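Sending over a structure as structure tokens; questions will come in a sec.
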Amino acid sequence: MNLTPDAGGVFPIAPTPFNADGSIDWTSTDRLFDFYQGIGADGITVLGIMGEAPKLEPEESVGIVKRAAARMPGKPIIVGVSAPGFAAMRSLARQVMDLGAAGVMIAPPSSLRTDDQITGYYAQAVEAIGTDIPFVIQDYPLTLSVVMTPAVIRRIVMDNPSCVMLKHEDWPGLEKISTLRKFEAEGSLRKISIVTGNGGLFLDFEMERGADGANTGYAFPELLIDVVRFQKAGQRDAAHDIFDAHLPLLRYEQQQGVGLAVRKYTLMKRGILASDAQRKPGAALSAKGKTEVDYLLARLAKHDPRARV
Amino acid sequence: MNLTPDAGGVFPIAPTPFNADGSIDWTSTDRLFDFYQGIGADGITVLGIMGEAPKLEPEESVGIVKRAAARMPGKPIIVGVSAPGFAAMRSLARQVMDLGAAGVMIAPPSSLRTDDQITGYYAQAVEAIGTDIPFVIQDYPLTLSVVMTPAVIRRIVMDNPSCVMLKHEDWPGLEKISTLRKFEAEGSLRKISIVTGNGGLFLDFEMERGADGANTGYAFPELLIDVVRFQKAGQRDAAHDIFDAHLPLLRYEQQQGVGLAVRKYTLMKRGILASDAQRKPGAALSAKGKTEVDYLLARLAKHDPRARV
Amino acid sequence: MNLTPDAGGVFPIAPTPFNADGSIDWTSTDRLFDFYQGIGADGITVLGIMGEAPKLEPEESVGIVKRAAARMPGKPIIVGVSAPGFAAMRSLARQVMDLGAAGVMIAPPSSLRTDDQITGYYAQAVEAIGTDIPFVIQDYPLTLSVVMTPAVIRRIVMDNPSCVMLKHEDWPGLEKISTLRKFEAEGSLRKISIVTGNGGLFLDFEMERGADGANTGYAFPELLIDVVRFQKAGQRDAAHDIFDAHLPLLRYEQQQGVGLAVRKYTLMKRGILASDAQRKPGAALSAKGKTEVDYLLARLAKHDPRARV
Amino acid sequence: MNLTPDAGGVFPIAPTPFNADGSIDWTSTDRLFDFYQGIGADGITVLGIMGEAPKLEPEESVGIVKRAAARMPGKPIIVGVSAPGFAAMRSLARQVMDLGAAGVMIAPPSSLRTDDQITGYYAQAVEAIGTDIPFVIQDYPLTLSVVMTPAVIRRIVMDNPSCVMLKHEDWPGLEKISTLRKFEAEGSLRKISIVTGNGGLFLDFEMERGADGANTGYAFPELLIDVVRFQKAGQRDAAHDIFDAHLPLLRYEQQQGVGLAVRKYTLMKRGILASDAQRKPGAALSAKGKTEVDYLLARLAKHDPRARV
């Protein structure tokens, strides 16, 4: 089952569960994928930046993909394959597709500057992994330091038929979605799926601008599902009401560097992860930070009973 | 009246009002300062990044400072004097102090990398402007690309007695405030004022970590004043309640690049600015963006009557 | 006398002479311009990066331009007007043109990333200074962090008739010159002057690739003139012979940060500057560094008697 | 045989030979290592930036190390193990040490900014690979974008007993060597080996400042050996004479991006490599560029018969 441009909905970015000793917690891994399956996630992304992918041994990476495929049957699995060299990218991409992945996600290396460098990089990446593997562009300037204009994204999409999705997390990015959808309406860009990241911080309006869904890792992916469904159903106020209730916590989780610690702590409080451990090197949440998350959860629970932990 | 380390409260970052033709709208300028004075702002910062300072002619910059001094008597005025060279920085700093400013704010140039380069830069800046002018460190890595550890800030403060305030807008930054206050408690850092920027996105918790106030430009500075006052009075829940009501709009305004357009549009809707014009080059708000702000204002008005525009 | 696309030859980048107390040494300034005039320089660039322009007061900058105009009659004077805002850029550009400058040089701010941002910036700069002022693009990625492809340079040139010259100092840059000249041959780019910087480190081959001359500040501009003349006369070996003799010193001078100190020290040894002082903040040459320059000068003097100091 | 702080001399950075189809050319690989052994290289570095390491499959990387160990018996082999994650770094480091490597080289990731981030990274790297593996710090700001002060290098050395060597390629860097040697003389830094990179562009003076040797990939490593030997023997003029003869070509090879193409082309002309191919993506040398290298070789051959190809 390959990923297509018609994909949409919520693809959570899965964290990788670890035990306190740094080994992978496979029990929590299974529980996490079961949880995503249970709440109705439309797919999953593993081995992304928030999945601590560079810290994993090759066999561990493969193990994560196998578990996802086993626990979320029928759901497309996207695998991050960004690597400093095309040899490693190709190896991982071909291996995970054989294991049942639906597509791969490729982030540009931070050294790229000009439009031509960026489009050239994606052309080389496609040549490396093969034109038969559907891929997702990750557009995340804040972390990756690569700035892609809508016209550059259009060139990548039009030059590479295997490009099926944009993980949009430019910031600000609302106008970018509108511009890309205008390109489509004008006929200069073929239809691709646009799913948004950035922790979900603008998901409420991104859906109104034409996004197809969310591809981020907020510790309450149910909220992402709610917002996407309400917006697709035309229930604008309902979408904003539930979004606004979560915004204080969502904003707190969307802190560079410490965000993953907040996410894992919350998932642990929810009983999904056994531990909030990160493999070294990782940014821990301070005792004070934990009390702040607890306070935000308690406030959220007044509006959303799912936050009662 | 010089700025001191005891300063606190809310120092709005003032935008510069323009007419549609690009000239300064002095009537709106006066109205803006009157507004800040009327709501009880504790001071004001002019000629900052959001004040479009680099677009102003020298005489215009001086004019802004004069108006602020005239309209906000008794309130400390902080003036941004960041410049590519120390000659210009010195000229502007000495000139505005003569006009009644209480201190100046200095941002580091983006080329600085090592700890020694950063502390060396501030030493040179102080030598240039003179040790008699109180100054504020602007710590804003997201925009300025300069990363200062708490230890570097401590060195700047301890090496330069004229440093009285930190405009803290690192992101994430909660632990940084806690660390600096711990340094003070341990006796390795003298007391300085810490006021926070970053659009106010974490003001709720920043006050709990030990900040003295806010130094940012959200279009409802009354909200900043509310949060600071509630937190100083120990009314934690009240602070968070009003903060959370504003967070959807505040978050929308805190978008890099387009944020100033949102801010000016909102201030225009509130009747404080006659126009939301920016001097060229500026990022305009799209028609769609304006309807989004209108929607957020309407939703906010249900919780805060001051948002009825 | 306005700068035109037919300009060529050697335009030294003039340092600004200072006294030990940091004031401008006007006597040395006059002597420096007399020196350039005497050796047959084809023009001059003042207030560039190596002219310590950001450290100058406005009236000092104007003074430098006046002296250059007075001492180098009949020679085109290019003035660096790069500034953080367009108001300052416009003021300086119009002022120096009134004083007799032939054109201005504009470097892009380091925040620019995408092709559209770069071309947009130059469009705005031209709108600010006026379309009647000939301008030079400075393409110096190593220092400015802005990467312009040949296609981007072409867009700037073709969109802005007042663009007459490219100060080329990309590194590596030989293919860039060839590509731009190919664009011209194909008819997609109008003729502009290409003069090269980068300390002259590749001038020998740059001339063979189609450069029109040099626009850099090596302390023996006579060498630059020799290379340009030999190459224009088709005397390839002679050009390389004299170039190679100077290369050890030229390479030593082409060190980021400390290069200006080497340049000023050498000009002082040559009797052109009274002092090698830089206005603060500046990178001084160590005692050891001075002995190294002395050694290189002594070695050079065996091949080029002009180096006997 | 582990690398020690007493190491010195010339450690060429080995390119990886490829066939035109992108496969590794093992015959040329053997010939290359035989060549280094034959000219009296003191050791070798493989899998560095110029070795196209990120393009290699894991088994290929291991193969390169095996060949080096087999062909250069008795010579220390340094292996680049820089990786985006510590898991991969540890795996490669332990594997190559088992194969006979003498030590590993670690470059900092480009995201590091503050002094503490840099020293923290090396502490984590040592924890990952184990304290029993001697390691080399790579200090190459031009390419890696990480700026280390001498004090930061000192902290890394003093905090990590397994640090034995600095690959110094800061630019400019002469004063840095002097400062580090001063630290040693003062007793605040223990003795480490300092070998210099940067294509050898300042090797003549680096040796005079206290470097122990060269660790770079110029296509005539014999020149590096000559300069190091002459300088160690106190024959300053002889060192500079031979250095200056090579400088025009050496400078041409020291171009970012295209430098490796120049190096491989020259090694091919010398009969050491069968092809100048790079594995994709690689920067090819244009036809014009090749004639320029040919011209430089012909000129060099007049001074150094080894350049007759």
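In this document, chain identifiers A, B, C and D correspond to the written order of the chains, with residue numbering beginning at 1 in each.
The rule is short, and it goes like this: a contact is a pair of C-beta atoms (placed from the backbone, for glycine too) under 8 Å apart; a residue touches a chain by one contact, two chains touch by 3 or more.
Quick caveat: nothing in here was measured; it's all calculated off a predicted structure.
Should one ask which of A-D and A-C has more C-beta pairs in contact, the pair is A-D. With centres computed as the average of Cα coordinates, no chain lies farther from chain C than A. Note: centroid distance chain C to chain D, computed from Cα atoms, is 33 Å.
Rounded to a whole number, the gap between the C-alpha centres of chain A and chain D is 39 angstrom. For the pair chain A and chain C, the distance between C-alpha centroids works out to 48 Å.
Residue numbers of chain D whose C-beta contacts span two or more other chains: none are found. Against chain A, in their complex, chain B makes its touches with residues 171-172, 174-175, 178, 201-202, 204-205, 208-209, 240, 243-244, 247-248, 251-252, 255-259, 286, 288-289, 292, 299.
The residues of chain D lying in touch with chain A in their complex are 53-57, 60, 83-88, 91, 110-111, 120, 124, 127-128, 280-281. Residues of chain D touching chain B in their complex: 113-117, 147-149, 151-152.
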